[in-house]
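Dropping the structures in below, format is structure tokens.
In the two assemblies presented below, chain A is common to both, partnered first by chain B and then by chain C.
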Partner chain A sequence: MAKRPSAMDRFLEWTLNLDRRWIYLLVAVSVITPIVVPIGLPVTTTSSTRSAFEFVETLKPGDVAWLSFDYGPSSAPENDPMAEAFLRQCFLKKVRVVVIALYPLGGLGLANNVLAKITAEFPNLVYGEDYVNLGYKDGAAAVMRRLGDNIADAFPTDVNGRPIGEFPILRGIHDIKQVKVVFTAATGLIGEYWITQVHAQFGTPVIIGPTAVSAPKYYAFLNAGQLVGMLGGMKGAAEYEKLLRAKYPELDRFYGGTRLFTATKGMDGQTVLHTVILLLILLGNIAYLRSRARRRVTDVGGGRGPAGTRP
Partner chain B sequence: MSFDFGRVALFIFFFVVPVIGIALGLRSPAMRSRIPIITAFIAGMIPILSLYIPKGFLSGPQGMSPRLDRWLIIVAGFALLLGIVNVVQNNSRRIARRDAGWAFSVVLLAGLLVTGSLGIWGAVSGEGIGFRADGSTTPFKWIEDRFFQPLQSTIFSLLAFFMASAAFRAFRARNTEATILLVAAGLVMAGRVPLFELLAAPFPALQPSAASVSLFLGGLTEWIMNIPNGAAQSGIIIGDALGAASMAIRVILGIERGYLGLGAGE
Partner chain C sequence: MTETFPGIGIWISALLTLFAFSFLYKDNPFFRFAESLFAGVSLGYYVGIVLNQTLKPNLIEPLTTNFAGNWDLLMAGGIGLLLYMRYVPKIGWVSRYALAIYVAYYIGVEFTRRIHGEVLPQLSRTVVPLFPWTGATLESLVFVIGVYSVLVYFFFSKEQNRVTRKIARVGIWFLMISFGAAFGFTVMGRIALLIGRLNFLILDWLYPALGI
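Let's turn to the complex of A and B:
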């Protein structure tokens, strides 16, 4: 008579055939709960984020930095906090910022929103002197090549159609070589173009803020010294926020509270979700290995073949 | 008046020659591929030569290569236009045939028409497509903020659910390679977040130990990302670049002709 499976075996068997809707429910609860009730988990910083932050710290008041919105709404929760943190740091240091968007699916809309949000926090900023929005241009790599020769060739006007010669911020800045740093918050290939088309050809230092999915690729550029620093996904953004808070305690009003969405707050959700997924993977593997072991025993017992072979 | 050799050469290469090519192509189908191949050869060679021959007509501010770069931005704009034409053609056809899901095509075309019209109106009227001078949003921006952005975010958010389900089902220690992948992925997932601090949250006494373990895992994750991952990515990127270069040479030399979309006998 066949041995009746134990309760543990039945549970593991149930796990192997778990309806995916239970997983979806678990994911939803894991993400929503920490957003509603923030946990405030600690964030540790990595060298790639620290080097990006420290490079921006070396800029002097009046220097010009370049911020490119190379992402769309799909990755905004990861990329928005990076762009916001970079803008806050620049404005606190009185570094002037030129903003552009090269991502066709909503890059400009996000640039407008982030600029409106951050410039409202610094009421003394003057458009055209402290920052300017040059808008969107199609053909990312081609635009970057033009920026190396003449910025006005690629962006003759700002986002509102005013000639860029009107803006004091761009006086004396003829091409991208005169910009102190390019920060690209990027999804997809455009971030890579800044390295290959701008840093490699014109030498302008580049900091990248890619989504977590595309971050692994950029370690190669980081190791080759072609990137000043990198903010990998939401974790990188949270690290940058931590460094920023430590250096500028006045930013606690943005990063200390729980009302605004920040990467630090988002990391709570990501941590809970990673934990849940890891536990699911662990459980799935225990169930799988146990089931495989049981099958081997059955196969040997039934005389259907040597252990380790499957019918 | 000085003779602008570069400008004249570009005019001949990219206007006179293609026009002759079209005329010849109308007479003989076999000629249809010749002129595009010659045009591609010239367009490909000019930027390469400009790097090696420091002559004003090639690489100067008004030289042939910078002019081609400027044209590239315009050509990229046409690619968007081509995409719109393609979307309209395909979806109009689906609606006319009453194919499955034709109602979605109606929504898509209506969205394209309304959003596109408002965008063009913003550009023509000088109002723009972002904020007005008084800080209020334009109709285009209103649609973008209330429809486009939430929809895009929703689609991408679904990935978290699919990835969790896929990870649960696919990440199994079936063989040695799968086990290595499983362990590396597990370490990186655990090392990127303060996982042990979360697990030790109900036990304050364990927090310092949890922090130490997290710090160690974080270091290990960085090592995995920097060394094995960085090395593999370098190889992939270099291989990718060599592949792109060889494909570019094939196109320039007319060996690769797939992009021409030629039919039989052409």
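Let's turn to the complex of A and C:
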């Protein structure tokens, strides 16, 4: 007579036939809970983010940094916090920032939104002196090539159509070689162009903030010394926020609010959900292996033939 | 403190997000409406961007304001138009010339970029002297073993023998580890997008709508 399966076996068998919608619900609960009740899990920093942060710290007041919005709304939860943190650091250090957008689907809209949000936090900033928005330009690789020759060739006017010669921030800055650092918040290929074209040809230091999906490929550039630093996805942005808050405690008024989305808060959900996913993978594998073992025993016990063969 | 009631834009975004999420339960007309709307709006937006941000400032305006100084743009515009000739079967072959120019241009740009900006710098940092031996040398050695074993795995011009099969096996391990890292990052990226959407639903829509 076949042995009756234990309660554990029945539970494991049940998990194998579980409707996947229960897993979706579990995922939703795992993400929603830390949003409603923030946990504040610690974020550890990595060397790639630290080197990016420390490089910006070495810039002097009056230096010009370049921020390129090379992403669209589809990756804004990852890239927005990076761009915001970089802008806050630059403005606190009185580093001047030139903003552009090279991503066609929404790059300029995001640049406008982020710039409006951060400049509102620093009411003393003057447009054209402390920062300028040069807008969107099509043809990323060709634009970068022109930036190496003459910025005015690539961007004759700012986003509002005013000639860039009017802006004090760009006086003495003729081409991208004179910019102290390029920060590209990027999805897709455009971030890579800044490294393989602008850094390779003109030597301008580049920091990249890629989406997590593209982050692995940029480690090769980082290890080859082609990048000053890298903020990999939401985790990288959270690390940057941590370094920024540690260095500039006055930023707590922006990062400490409960109703504001930050990468650090997003990492609560990441951690909880990653733990849930790991447990589900473990449970799924145990259930599968246990079920296979039970089938073998049943097959042999039932006289159906050697283990592993099915009638 | 209660925030202001969310505006119409927030409501539309929130409802469309919920329509999209509803597919997770099962396919339904709300999801299909959101899907079709998204595809249509994306295409329309992209067409608008190309017209207003590419063709207008780079072709139309230069030609209308200073034709004598920009007449050469007609050639670029003409080559672009040739691409559409494939929709006229009798002269469809003309589009191949435009395509050939386009491909040749990108090969020229990409070839230099890849060699100068990617292959050479990474090669020079991968293959470094073994002595003096430091921690970084060990790291480089792992890189070199990884690069060569993966190259052997992808070398299909000659049948593998006993030795190359073993090297290729090491290459598979390196590939699997890199795929695992890439998959882990991909999961993190997708979760980040989910977090972003749910944050929007709760903090920007639900809380203000409920007066919390």
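In the analysis below, the second predicted complex is superposed on the first by the 298 of 311 C-alpha atoms of A that agree within 3 Å, B and C clash if a C-alpha of one lies under 4 Å from a C-alpha of the other, contacts with A are read in each partner's own complex, and residues count from 1 in each chain.
The rule is simple: a residue touches a chain if its C-beta (ideal position, glycine included) is under 8 Å from a C-beta of that chain, and two chains touch if they have at least 3 such contacts.
Everything numeric here is computed off the predicted structure, so don't read it as measured data.
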{"item": "Touching partner for A:Gly209 - first (chain B), second (chain C), both, neither", "value": "neither"}
{"item": "Which superposed partner A:Ile32 touches (first chain B, second chain C, both, neither)", "value": "second"}
{"item": "Chain B versus chain C as contact partner of A:Asn223, first or second or both or neither", "value": "both"}
{"item": "Contacts of A:Leu41 with chain B and chain C, given as first, second, both or neither", "value": "first"}
{"item": "Touching partner for A:Arg259 - first (chain B), second (chain C), both, neither", "value": "second"}
{"item": "Chain B versus chain C as contact partner of A:Leu289, first or second or both or neither", "value": "first"}
{"item": "First, second, both or neither for A:Gln201, with chain B first and chain C second", "value": "second"}
{"item": "First (chain B), second (chain C), both or neither touched by A:Gly188", "value": "neither"}
{"item": "Chain A residues contacted in one complex by chain B, in the other by chain C", "value": "24, 27-28, 31, 74-77, 104-106, 137-139, 212, 215-216, 220, 223-224, 235, 270, 273-274, 277"}
{"item": "Touch list for chain A against partner chain B, complex", "value": "18, 20, 23-24, 26-28, 31, 39, 41-44, 46-47, 72-77, 104-106, 108-110, 112-113, 116, 137-139, 142-143, 145-146, 149-150, 153-154, 159-161, 212, 215-217, 219-220, 222-224, 235, 267, 270-278, 280-281, 284-285, 288-289"}
{"item": "Complex contact set, residues of chain B against chain A", "value": "61, 66, 69-70, 72-73, 75-77, 79-80, 126, 128-131, 141, 144-145, 148-150, 152-153, 155-156, 160-161, 163-165, 167-169, 171-173, 182, 186, 189-190, 192-195, 197-199, 201, 211, 214-215, 218, 222, 225-226, 229-230, 233-234, 236-237"}
{"item": "Sites on chain A touched by chain C in the complex", "value": "21, 24, 27-28, 31-32, 35-36, 74-78, 104-106, 136-139, 141, 193, 195-197, 199-201, 211-213, 215-216, 220-221, 223-226, 232-235, 259-261, 265-266, 269-270, 273-274, 277"}
{"item": "Complex interface listing, chain C residues touching chain A", "value": "3, 24-25, 42, 45-46, 49-50, 53-54, 58, 109, 113-114, 116-118, 121-122, 124-126, 143, 178, 181-182, 185-189, 191-200, 202-203, 207"}
